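Next come two complexes built around chain A: one with chain B, the other with chain C.
For the complex of A and B:
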């Protein structure tokens, strides 16, 4: 028997899975839960080829995986989730692929906004896009702004999607803003005026909306940051999984949290010593 | 010359999740990489919904899963001076190392902490020699972090005296072996005698070309970017540039690593089993391959370095672009 297009065995399985996840969450909550988890979503195209999907099918799968991962993070009580969706370097890919990804993003945002209660609002998640958004086409920019506006009132968690983002570009932007502020006429107060500090740069970063990540998870076996949150990752636990992004499950998240908990007290001790 | 970022740490009982964990002597001549058989400690469970299952539910993922695009690695002709498994044309030009684990090494042997640092110095000498032989052009070592100033005063003073002694003792070998030495970091915080020694050593070795050793002392990635920003702010104040002119190239020219021809590390090795960058060269590590070794720094020798380099050479580096054919990518790796 089907309900909402989902057959009964699948619904039973989903409820069983939800119950099991509740047990896991209760166990993990005995220890510290990370505040901010970031994902480098690598492997969508390879997944699409493996599964013989149409062009863009891998990215659709990646989008579904992201929504599920946000749900699991909400269940775990993780307040900030960041996903590296599209790098400025990715604009060097073929124009067809870039256009496909932009069209897919616009299509998915429209799909969400067409519902009375979109997925993110149901989860209480505010969506924020970080990056050099002026590089996006006008339809993509409009869709992004509408989604951010539609979810602006949600406060249980923040999902930051890094789109048209690289960390070096973020730092350059912060340096530019810092220099502009230091040169502004109303800032001329004394000889300390032109001293630049870490805080001056940090407040102008695109990712200033969230604290430093506790964990950065990269899929597909890559062991590099690929210009993602370089400034913010100085004390972040870096975890790599060999699975492709669409194949990520909540068990990977549980494993990552366990690893975080193992290092947590050592890092706290180090912070206190400073 | 070295340091340790290490503090007390609970015993390590998790293994590295890296799928590239083959011992160096086990590298086959013809190796197929199969994504689904790679090391994974996380079991798949039907009770946890994944995107894969969502697609199956939607009737899109019903085809059987085939192998991932095969990555076939052919080892080139072996260079007589390189160990088995290494290809000279794919050697990283710039290797960065976080030398972690000296104090743990000493504690495990019931030795004073100073012995750990001294063992680390010996290990560093060995690694410098190997990098010279194997064709690495630049080696950057994280000797003393900005955060290490908060350590006990006795320990900091010991480390400063160790740097002093190490530089004096090794000046002869740097000149003999044609090694250029640069020291990066907030040197104003160092004792004046050490600052003078550093200036003299840099001056004496500045024309050496065979190998470049960069020692990061009183350094952090945040400090590097902040001091670059400070310089650019002063230039803007003097009217030399506009804030809108600031781009990645200008920032790079002001970073401390401007002293070298290859400022961006291709490979970062961290010893000691920790999976963090600990505020080291944050800007420059944008595309670096990261290798986390379980062994402590004084135990990191030829075998471990070989493992790291073999693992590096087996990785595909795409820099965000579409994947190229393997041969073209190999060339691209060399060019970068």
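For the complex of A and C:
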């Protein structure tokens, strides 16, 4: 028998799946839940080749995987999610590929803003872009600013998309901004205070919008950070999965949270020592 | 009213037992995971013995030339085990690794630097090779010692160096919108203050978790980070396996 176009077995399966997800979330929530999870979304191109998709198809699949991950993180109560979408080094790729990624980003932002597919807004997620955004094309920069403004009032979670980002650029930028502030005529700390401290640099990092990550997950089997959140990851649980990013599932996130819980007391002790 | 009160009491008991069941389930899941890791540990130990005895053919030849610079991060509590550190360094010397950076957060290894250098055959301090004899680094192992203060604090010191230069240059127009510092200037500034060591190709973490514990951020952009477990259960075969895996990695560097 069909109701609203969905047959009974499908509805039963959906309800079972919902109950299973609730059970998983309730069980995991007995232990500490990470506040901030970061993802290095590696493997979109390889996924596109494996699945024989058109150019950019792998990145579309990667975007869908990101939305699902944000949904799972929201259900688990993870307040901060960061995704490494595009590195400054990625500008070395072919101009066609770079343009394809920029166009995809603009297209998905427009869908979000026009409520055709406003998943993030419906989840109450504020979207923030971190990186050297002046490297983006003008249409991309405008779309980014509009999305940030449109979701600024959302407070259930923060999704930070690192675009045109590298950690070393972030550090240099933070040092630069610190020095500019110290030279500004209206600077509060008193004229002639030309001493740069670690706290000054941390205030001006692109990622100052979020606390340090508890977990950094990298897909596609890579064991490196690739110039991502090097400053912020001193006490971060680093986890690698061999699966390509678009093939990530909620089970990978569950496994990552379980690993975090196993190391929680050790990492908290290290944070207090620093 | 009594009925509502009774319903509330029953709901309270259901919630209590439900919570208890969830806690038991959580503990059960973690016990299963611990058993899994225990079994995995036994399998890895067996494999490392097979590697040490030369039984596994693929680990017999190691292209260690690909490993130009190795970093080892040690949990500070285990850094007091200098005999283990020395044994590890001897293994690395036998394998043919030429340049090693030893890091622990609290600087325990730095304090034991002279003892370690004296005990490891042919080891010299990194930096002395460049000052004295460039040929030294072909036959000797260079050792660098680093701690947490070589990370963020070093970047702050380097920032001060850059800032002073900038202020002295007189180009301090606060309306300047362009970039006043570059990454290569930061690298130079870090070298000036003595924290400009090379970027390790591979970083081995000896401790309870895969976490770099504040290793200087500027130097681990593309470094492979591998977790080796606690130092007390270090094995030669595991070391060979980690280096062998590294030599087979291919990096695109963003392309």
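Everything below uses one rule, namely that the second predicted complex is superposed on the first by the 243 of 274 C-alpha atoms of A that agree within 3 Å, B and C clash if a C-alpha of one lies under 4 Å from a C-alpha of the other, contacts with A are read in each partner's own complex, and residues count from 1 in each chain.
Methods note: a residue touches a chain if its C-beta (ideal position, glycine included) is under 8 Å from a C-beta of that chain, and two chains touch if they have at least 3 such contacts.
All values derive from a computational prediction rather than experimental measurement.
**Q** Have a look at chain B and chain C on chain A after the superposition and call it: clash or fit.
**A** clash
**Q** Check whether A:261 is in contact with chain B, with chain C, with both or with neither, and answer first, second, both or neither.
**A** second
**Q** Could you say whether A:167 touches chain B, chain C, both of them, or neither, answering first, second, both or neither?
**A** both
**Q** Does chain B (first) or chain C (second) touch A:182, or do both, or does neither?
**A** both
**Q** Tell me which partner A:27 touches in the superposition: chain B (first), chain C (second), both or neither.
**A** The answer is second: A:27 touches chain C but not chain B.
**Q** In the superposed model, which partner reaches more residues of chain A, chain B or chain C?
**A** Touching more residues of chain A than the other partner does is B.
**Q** With both complexes overlaid on chain A, does A:224 touch chain B (first), chain C (second), both or neither?
**A** In the superposition, A:224 contacts both chain B and chain C.
**Q** Answer with first, second, both or neither: which of chain B and chain C does A:251 touch in the superposed model?
**A** A:251 contacts chain B only, not chain C.
**Q** Let me test your reading of the model: by the given contact rule, A:242 touches which partner, first (chain B), second (chain C), both or neither?
**A** First partner only.
**Q** Is A:151 touching anything from chain B or chain C once the two structures are fitted on A? First, second, both or neither.
**A** Neither partner.
**Q** So which positions on chain A get touched by both chain B and chain C?
**A** Residues 87-90, 92-93, 166-169, 171-172, 175-176, 178-180, 182-183, 194-198, 200-201, 223-227, 230-231, 233-239, 262-263, 266, 270, 273-274 of chain A touch both chain B and chain C.
**Q** Which residues of chain C touch chain A once you look at their complex with the stated criterion?
**A** 22-23, 25-26, 29-30, 33, 105-106, 148, 151-153, 155-156, 159-160, 162-164, 166-167, 172, 174, 179-183, 186, 208-214, 217-218, 220-227, 249, 251, 253-255
**Q** Show which residues of chain A lie in contact with chain C when the two form their complex.
**A** 26-28, 30-31, 87-90, 92-93, 166-169, 171-172, 175-176, 178-180, 182-185, 194-198, 200-201, 223-227, 230-231, 233-239, 258, 261-263, 266-267, 270, 273-274
**Q** Which of the residues in chain B come into contact with chain A in the complex?
**A** Listed in rising order, the residues are 7-10, 14, 17-20, 35, 38-52, 54-55, 57, 60-61, 63, 65-69, 147, 150-151, 220-222, 225-226, 228-230, 232-234, 236-237, 243-244, 246-248, 251, 274-280, 282-283, 285-292, 315, 317, 319-322.
**Q** Within their complex, state which residues of chain A touch chain B.
**A** Touch residues, chain A against chain B: 6, 10, 13-14, 16-17, 20-21, 46, 49-53, 57, 60-62, 64-65, 68, 87-90, 92-94, 97, 166-169, 171-172, 175-180, 182-183, 194-198, 200-201, 220-227, 230-231, 233-244, 246-252, 254-255, 259, 262-263, 265-266, 269-270, 273-274.
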